[in-house]
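Report on the following structure.
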């Protein structure tokens, strides 16, 4: 089995060799890693993101924002959680109880399962499966049926309209998203996210030929566009502004989650924020070099760093990149007006899909013409007069 | 099967268990709810809802979904060939894989152009431009 | 042979596939609703896919079976798109999707 | 493979069969569609255990993300739901269908297992090696090599299906 060492669970098994924890089998460590990632990363992120979003909104509108609970209002999300937990648990009596209960499960599972293939660090990935990117695309498709069924089960006209819009929007934008991932696959020759990230390093000390190409976003002119298409498609897939028609409060009250109250609504919101995180993390891993520090390779550093510190730095770099993208997502919310539904579909099918197809073709030609080298490698090869490195 | 899928299994199980867990914790914390007439109605800004919400909707959503599924399948089908492309190029026989990719893109473009020209990508259908009578 | 080993043997896969196939046929025969019939057909196609994948692993350890299963998935999507478009057309014509109404060969 | 992992497979098979049963007999067509989704997921897990990782993801992407959504749209857009309440019971075929179902399962299973016995089984070590190896590139090689003709035929078929389906769904003025 390839790349066993890249597994979180395997790393934990190796670390505990020779200690009293040695007899613990691999599947227990897999469960521990899942617990750690979901309860210490995914769900807290969803909670804190609501606080950060309100704070950013306040800053942009010259307000103070949440400032009562704890210093700077930091514990606002905890107060929100308590509030949601203690609210009335409302199931529409005229609706469909079974579907109403199962819909949030689909949304939460669809967003949390995407974390499996995200490499937080070089050796910190819950399951660096071989079909990596495709796996993430596959599990996140569970969200659309979840939203659609939840909206139908509410027996509310706003909900059903919002759910139908949401499902149509998510499935439409899945095409440009998938097509914008294709250039990365052409460049890397792999679907495995860990492998894709590994190829995006750049060490100035190495000769060009021995170097990996730099971040995929600057691999060639077409990947720059592909990056933006993936980002915009991700906004639409996660129902963020300017694509928040499914929950447009001025026309649909609250869209597909109108009838969801208390913790049920909280789970929807949580699932959505986690989905934003997965999207941004995927973007960071595929196009912005994941855990790779720009122009540095820590294991070839002038002093040898302990492996634990390197792992921490990797996680930090990855989270900084991801959270910057999340910040841009929140920033856009207070910047752009909402699209109309016909503009939304027009943008997808007449704008992004043709452009994404063009990017795939352009990247294929670039890879063929320059033997897989990036812009930087080609330029440096020209300046040093060495010509092609192959 | 790779070990990574064991992690995936646990992620799915734990995420699925989280939902009833949180709802259960809420059930312990919250006061007993007293349903009222307005409270148990479908929310329509306080008005009494007229008729069921389970009504028929416009077919535009449906046409979009039909176009989507064909594109989705084509993208899924081209992924295996795309993973081979880099190695094939470096080994000097990229032409065959490129031809495959090009055919795939050409077919998608053809389908897109057909839908575009025949107006299936228009969201607003059946609205004819105002033409003054002669 | 205990149940766990049976699940991971070709007999287990074939049993699941047989049951799926028969349930699909059952749905096709008993449903009046055209969409219900389509659900049955999807079950039948899945049963065939399981069959091919099972033989691919347990009896040849080669890719041929998986290729056919992939083709089944691709064709099933095309089939679903066309079938649902036909159902939509039929619905526009008759304001119903009861398959028994579809016995006429003209409008 | 440890017993715990085999248990996951067994659960997936039970999920597949149980959901398929609901699909076949539940009178509510919407519930049938939802359980069809779970059946698809179970089949994807079975694919994964048979060493078809790429196929499993394709199954989820195409069936769960595509076909199920399409079917749900179709149900929600073509039914006068408040009148029919989605009931779909009673058919003149119900008795023969039950008889057929009860008789057909053992027959089919018997026939298929006999076939499996007749064909020479792969050696166990080759089987587990096959199940553990990644398949994406293998599928790519087969699609470009030995299976190129059916693959091209299917891509063209998909284009035809797109044109045909869109033509059928277009409102006639």
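First chain written, first letter: the chains are A, B, C and D, and each begins at residue 1.
Throughout what follows, a residue touches a chain if its C-beta (ideal position, glycine included) is under 8 Å from a C-beta of that chain, and two chains touch if they have at least 3 such contacts.
Values in this document were obtained by computation on a predicted structure and should not be read as measured data.
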* When the mean CA coordinate of each chain is compared with the mean CA coordinate of the whole protein, which chain is closest? -> B
* To do: Count the C-beta pairs in contact for A-D and for A-B, then report the pair with the higher count.
  => A-B
* Take the average of all CA coordinates in chain A, do the same for chain D, and state the distance between these two points in whole angstrom. => 29
* Where the centres are mean C-alpha positions, what is the separation of chain A from chain B, in Å? -> 17
* Structure fact -> Taking each chain's mean CA coordinate, chain B and chain D are separated, in whole Å, by 19
* Asked: Per the centroid of Cα atoms for each chain, what is the distance between chain C and chain D, given in Å?
  -> 6
* Structure fact -> In chain A, the residues touching two or more other chains are 1, 27, 129-130, 134-135, 152, 160, 164, 167, 171, 174, 191
* In chain D, residues with contacts to at least two other chains -> 5, 49, 51, 53-54, 58, 61-62, 65-67, 69-70, 73-74, 76-79, 131-132, 134-136, 139, 143, 151, 154, 158, 161-162, 165-167, 169, 171
* Touching two or more other chains - residues of chain C -> 70, 73-74, 77-78, 80-81, 84-85, 88
* If each chain is a node and each touching pair an edge, is that a line, ring, star, complete or other? -> other
* To do: Just spell out which pairs of chains touch, all of them.
  => A-B, A-D, B-C, B-D, C-D
* How about chain B: which of its residues touch chain A in the complex? -> 2-16, 18-19, 22-23, 25-27, 29-31, 33, 39-40, 42-45, 49, 52-55, 57, 60-61, 64-65, 67-68, 71-72, 75-76, 78-79, 82-87, 89-90, 94, 98, 101-102, 105, 108-109, 112, 115-116, 121-124
* Structure fact -> Listed in rising order, the residues of chain C that touch chain D in the complex are 3-5, 7-8, 10-27, 29-33, 35-36, 38-40, 42-43, 46, 49-51, 53-63, 66-67, 69-71, 73-82, 84-89, 91-92, 97
* Report the residues of chain D in contact with chain B in the complex, numbered from low to high. => 5, 8, 48-49, 51, 53-54, 58, 61-62, 65-67, 69-70, 73-74, 76-82, 131-132, 134, 136-137, 139-141, 143-144, 151-152, 154-156, 158-159, 161-163, 165-167, 169-171, 173
* Residues of chain B touching chain D in their complex? -> 1-2, 5-6, 9, 51-52, 54-59, 61-63, 65-70, 72-74, 76-77, 79-84, 96-97, 100, 103-104, 107, 110-111, 114-115, 118, 120, 125-126
* **Interfacial residue positions of chain C with respect to chain B in the complex** => 70, 73-74, 77-78, 80-81, 84-85, 88
